[in-house]
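Note that the chains take the letters A, B, C and D in the order they are written out, and that residue 1 is the start of every chain.
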Amino acid sequence: MRLERRDSPAAALTLLAPLGAILAALLLMGLLIMLAGGDLLRAYGLILKGALGSRLGISETLTRATPLILTGLAAAVAFRARLWNIGAEGQFYMGALAVAAFGMIPAVASLPAPVAILLSLIAGAVAGMILLLVPLGLRLKFGVDEVVTSLLLNFVAVLFVSMMIDGAMKDPLAFGWPQSVPVPDNAVLPKLLSRSRLHAGLLIALAAALVIWWVQARTVFGLRARAAGLSPRAAAFAGVSLGRTLIGIACLSGGLAGLAGAIEVMGVKGYVTTDLSPSYGYSGIVIAMLANLNPLGVIGAALFSAVMFVGADSMSRAMGIPSYIADVTVALSLLCMLVALFLTQYRIRR
Amino acid sequence: MSILLDILGSVGLWEAVLRIATPLVFGTLGVLLCERAGVLNLGIEGIMTFGAMLGWLTVHGGGDLWLGMLAAAAGGALFGLLHGLMTVVLGLSQHVTGLGITLFASSFAYYVFRLAVPTSSSPPTVTPFAPWPVPGLSQIPFLGPVLFDQTPPTYLALVLVAVLGWVLFRTPLGLAIRMAGENPHALDAQGIDPIRLRIGAVMAGSALMGMGGAFLTLAAFNSFFPTMVQGRGWICVALVVFAVWRPGRALLGAGLFAFCDAFQLRLQTVVDGVPYQLFLMLPYVLSILALIVMARRARVPQALMQPYRRGER
Amino acid sequence: MTPVLELSGITKRFGAVTANEDVSLHLDQGEIIALLGENGAGKTTLMSILFGHYTADAGKVRVNGALLPPGRARAAIRAGVGMVHQHFALAPNLTVLENVMAGTEPLWRLRSDRAGGRARLLALSQRFGLKVDPEARVSDLSVGECQRVEILKALHNEARVLILDEPTAVLTAQEAEGLFATLREMASQGLSLIFISHKLHEVMSASDRVVVLRRGRVVAERRTADTSKEELAELMVGRAVARPERRPARPGAVLLEAVGVQAKGLKDLSFRLHGGETLGIIGVSGNGQTALAGLVSGLLAPARGDLLIRGQRPARHDVPHAIAAGIGRIPEDRHAEGTIGDMTLWENAVLERIWAPEFSAHGRVKRAAARAATEKILKDYDVRGARVDGRIRLLSGGNMQKLILGRVLEAGPDILVAAQPSRGLDEGAIAGVHARLLEARARGAGVLLISEDLEEVLALSDRIRAIVDGRLSPAIPVARADARLLGLMMAGDWDAAAAIESGETPDAP
Amino acid sequence: AQGTPVKVAGIHASPVENAWNSVLHAAMLAADQEGVIDYTFSEGVSGTDYPRAMREYAEAGNALIVGEAYAVEREARSVAKDYPDTAFLMGSSGEASGDNFGVYGTWNWEAAYLCGMLAGAMTQSGTVGSVGAMPIPEVNMLINGFGDGVKAVNPEAKHVVSFIGTFFDPPKAREAGLAQIDSGADILFGERIGTADAAKERGIKAIGSMIDYTPRYPDTVFANAMWSFRPLLDAALADVGAGNPVGKNYTPLSLMKDGGSDIKYVEGVAPEAAVKKMLETRAAIMAGEFEVPRNFEAPA
């Protein structure tokens, strides 16, 4: 038995494969639900209902998808240029912390809201960029592989956040809890829907996906970035400045991850804690992969992942099944989807 | 200053170092073996969690402690097989698959745990491994209690360091594993199937990770709790780099990390005002520095993260 | 007597491509066969089937009369078949000894017998005159040494049949000579060999028998003694090929001038290139050819001295400025430098001039224009086997080279730097490349030809310089070039060349 | 046993094994069993998911939602505002808000003081240790209570304190305990699970907090500063049943005199005189004659 690469992905499969993957994941999850003695069909119904069946479900799904779109984009942009940014988690936290720090500047409170929001977003993005420029600099200067350095910096970043919110940035009104001072009211993102958590960050994320798609598919920078990623040597021969291109990519990727953190703080939580992210940075990598590194696909992959999580979480509550089933379901969908995507690109031959 | 020296000179500190280091040693050896064969295994965090759960559950269900370790190893190997099938046979992205496996293995472990122990307010315990003083050796002043008054899995970890070092650098199998990580095409040209070899290495490495997890529930503590692995797996990924893919140095790295942790805990009891986070950051920062120092020598397995597909252009 | 090796009725398809069709061939003990064929004729595929890397769709392989199970490299090795791959199969971070020993012992042995392995390796290296240091790391070795390791690997596995896939493609003329001497020695000791080559003179001088493959089929088999270069060339391509005629040069103004350039790998380098002439640079590999090509291509900036383009120093010494100043560049390594395998043809065609207003505006790529330009190249340069939107990886070497020629020449450069332009190409493709280079010269461009293929340099150049240790020899007109003089020049003895140069008027500095 | 059970949902940020959560969990399970409430719960709910869990339970028609607002103070209150018909009883260091957001704290510091009195009398080395999660007010109050109790009977004693920086990492709490033993402590006060394991391993005594650790470590844990959630739950249920606003602070019900907390100790371990003195103090507290100082500052 051999695997053979298809010349071009089969169109029908491209549509069918994700459906097959979702089906497979749901079946596997079904086994686990039956293990817990639950009623399968009811469980499936509840997942759909929990994620999409109510105003609350929809708003929660979209709220969860928002940071995932941004971290997914961060990974997609970087991976396409073969910049292995595994550090989105740390960049996310630095972005969040930067927004809180920016809000501590006394003058900020008197800014008009749009300005305060814009500047806060920029602060978050820049912080994310800086954190990714470190591993990139090490790669360009010393040839250090960025997979491990960016991964390591995640822990440094989270510990740094922990230190700051326990020290200089600790909220004196938080009863001793290690959390940062809240972002000022004028830097809080407006809600899209009252009585929900859905906020304007979703629009920013969607716009970012469109812009990134355009940059990658249509611009000189996008073309050069891909060339630099696929073959640094050939790109250099064609006059692409490797350093400059990668720095651009790093700014974009780190910036997006930082933005995700900034938006989460400004739209949802209001202040920084060390449990701000349920692994949004790592999930972004998986989402980017599910989307085949296509920025528009990232929107779909993030929504899918959010639906599965919110739906399964809600189902577990309604059925009294251990709530860990939500994470199991998401993980199973991801693994199945990876295999399905593979099958669209390869055929198995005897 | 003398307080610091007191701490540094205390038996307790050094004994703790080895104890805290043990799960890291298992995990680091596991990652090292996978990476030597050319496969990055970011599934470690989840595999350790699963091993911790399964090992504990086995003993809780009446199994022997060593049976628990064995079960954890087998569970780890099973996830290793999954990782191997996806990354080696199908050639899927190693980071992504690894992260997916971490997510799956850990949430699956919690789920199974909750089904097995439905609603307990205080988790059931098992009788863990007790320290086993090595006759004679444990009497040596200072070194005795530090090195030779540990639980048996710690000794196992130390032995494994030597065994893995021997296997990798002295046996034909080790040479084949290293070649799979350097250039699988070359291995194939010598008549050894790199795919089977890689899968084998990933399974063996993952088994070690599972045992590292089981150490947490069967020796370092006596019951299983969700989230108890607490990032120890990621630390192992870093330690492998710090160790330049050598088992001996992996032990050193794990020791250094454990030292920072143990020292920090002891320092807290005597001095105030030093953010403990700084100590916890130290090992990561040191790993990055180590990377810079050795980057020029390019000892990274050259085919790390590169899938091997026979006869593909 | 049974042949040591016998292939019968081998057929192999990759998707729509038929790489081998009903191929049969046999090899006798002590014999050297040359396998000849155009790019993509299916030579490597055939040998890979024999060695168990690929599984044939039909056909059988017999070694010493015994059937070889398909798809098992291990079985081929056991049966005494050894293979030296077109692209080396070595682990760079391991030592020579480790590379040779991997897979030779039972895997589960508790201790590897390194001492024994080393002794055997040294004995083999003595016997066949293949000098290597067992403890050297492969990444520190030169290409020639790597090849020796490859051969030793096969010998260490007790190969009785040795297959070499384009063994000379990356070797210098001297190294190639040495290699063939070794091969003949091996044959005289009873080994049987198959080597693959495009180079007719090698085939003529080193083989006993020639098998010609065309489009996956065996089209002819000749005893080497009974054939000629001309016949082989025709058999290979399927028609008579003649390399293009060269018309006399009409040198114009100085277009490119190096004045005392020092750079990484280059020492005090000076030369002039006129419009309408071809300056050939010969030399043993490793003496600065790559650096010289890099200098003119804009990849390598001079540390001291100047590289003047039409008498002007460029504002910046980088690739875009070089291209904008009218320098066209044919890279030495088309896979690693010239193309990006996973990008489309059109992207590869326009990437190096993407900043030009034809192809982009305000940072936006003009995709339609880029595609159209590529389409034109495909047509005008007869690039076969791919679409504008297909990945360039799927092209054969010759077609890839045609695309590169197209993208370079379509920009109408008046300076052309061509590094090893026909390396690894078959006769037909070479003729095409040469015709294009001569055309550019005829149109008034100056061509800097850097090549290790003397035949090529003699066929195309008007003047010839040798590069030795980063310095350029005096130039001699091609009419005065003979084997002895070129040999002296490449060896660094420049007195005779200097005498000739000072006798010639046009380029006296 | 009276009419239909009230629908109550519990949202636990940690797994229900975590001592603090297990107190809530046990109280609600018991009430469920008695038919007083109909209890559903989620555990290990991260800060990001917490507000959603609150909203879902509110929309699912639960009359009372019990949980912990510590890590999500702002959001929890804004959720409560969106669901005025649902009552929320949340662990919090802050104040109640609106009509439907009631708060409670874990005030078993009086019991910790009593445990400290026993420890102060028993220590041989003159050093006792406490392992806490993070220096937040409620943890501080508890550890300070213990320390004050120690000092009350043994002014010379040294009290070392360390925090593990997370709420739930038993092996780490154990390491912290071992570190304290290494620096001389011979009695440990374990605010976190895992501490007693260190004591057990080294053969010294330990004191538990919140739940009764003695069955788990029979020869090690000789006293526990118990806390009970049932009085708080019952009060809130009564308010809900009567239609009274629950937007108030239920914490005082944690006090010893209200039965919300108490010491539970093993007879015959501490010297008789010490136990006697402790019991006197306990009686004084019950009678309102003695007030254990409340100190929210991080212990030095």
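Criterion: contacts are C-beta pairs under 8 Å (C-beta built on N, C-alpha and C of every residue); 3 or more make two chains touch, one makes a residue touch a chain.
What you see is a predicted model, and the numbers here were worked out from it, not measured in a lab.
Asker: Taking each chain's centre as the mean of its Cα atoms, which chain lies farthest from subunit A?
Answerer: Most remote chain from subunit A, centroid-wise, comes out as C.
Asker: Please give the pair of chains with the highest number of C-beta contact pairs.
Answerer: Here the largest contact count links A-B.
Asker: Could you please state the distance in Å, as a whole number, between where the Cα atoms of subunit A are centred and where those of subunit D are centred?
Answerer: Chain centres of subunit A and subunit D, defined by C-alpha means, are spaced 37 Å apart.
Asker: Take the average of all CA coordinates in subunit C, do the same for subunit D, and state the distance between these two points in whole angstrom.
Answerer: Measuring from centre to centre gives 77 Å for this pair.
Asker: Just curious, how far off is subunit C from subunit A if you go by their C-alpha centres, in Å?
Answerer: For subunit A versus subunit C, the centre distance works out to 46 Å.
Asker: Could you please state the distance in Å, as a whole number, between where the Cα atoms of subunit B are centred and where those of subunit C are centred?
Answerer: 47
Asker: Which residues of subunit B are in contact with two or more other chains?
Answerer: Within subunit B, the residues that touch at least two other chains are 110, 226, 277, 298, 310-311.
Asker: Do you know which subunit A residues sit against two or more other chains?
Answerer: In subunit A, 2, 162, 324 touch at least two other chains.
Asker: Out of subunit C, which residues touch more than one other chain, so two or more?
Answerer: Correct list: empty.
Asker: Run through the chains and report each pair that touches.
Answerer: A-B, A-C, A-D, B-C, B-D
Asker: Which part of subunit B faces subunit A closely enough to touch in the complex?
Answerer: Per the stated touch rule, the residues are 40, 82, 86, 89-93, 95-97, 99-101, 103-104, 106-108, 110-111, 114-115, 226, 231, 234-235, 237-238, 241, 275, 277-278, 280-281, 284-285, 287-288, 291-292, 295-296, 298, 300, 305, 309-312.
Asker: Enumerate the contact residues on subunit A facing subunit B in the complex.
Answerer: So the residues of subunit A in touch with subunit B come to 2-3, 5, 32, 35-36, 84, 86, 138, 142-145, 147-149, 151-156, 159-160, 162-163, 166-167, 279, 282, 285-286, 289, 322, 324-328, 330-332, 334-335, 338-339, 342, 346.
Asker: Please give the residue numbers of subunit C that touch subunit B in the complex, ascending.
Answerer: These residues of subunit C touch subunit B: 48, 51, 53-54, 72-74, 76-78, 83, 85, 87, 89-94, 98-99, 101-112, 139, 153, 157, 393-394.
Asker: Residues of subunit A touching subunit D in their complex?
Answerer: 50, 54, 56, 60, 64, 162, 174-179, 182, 195, 197, 268-271, 273, 275-278, 310, 313-314, 316-318, 320, 323-324
Asker: Which residues, counting only subunit C, touch subunit A once they are in their complex?
Answerer: Touching subunit A: residues 15, 55, 297-299, 318-320, 323, 329, 331, 336-343, 347, 351-352, 354-355, 360, 363-365, 367 of subunit C.
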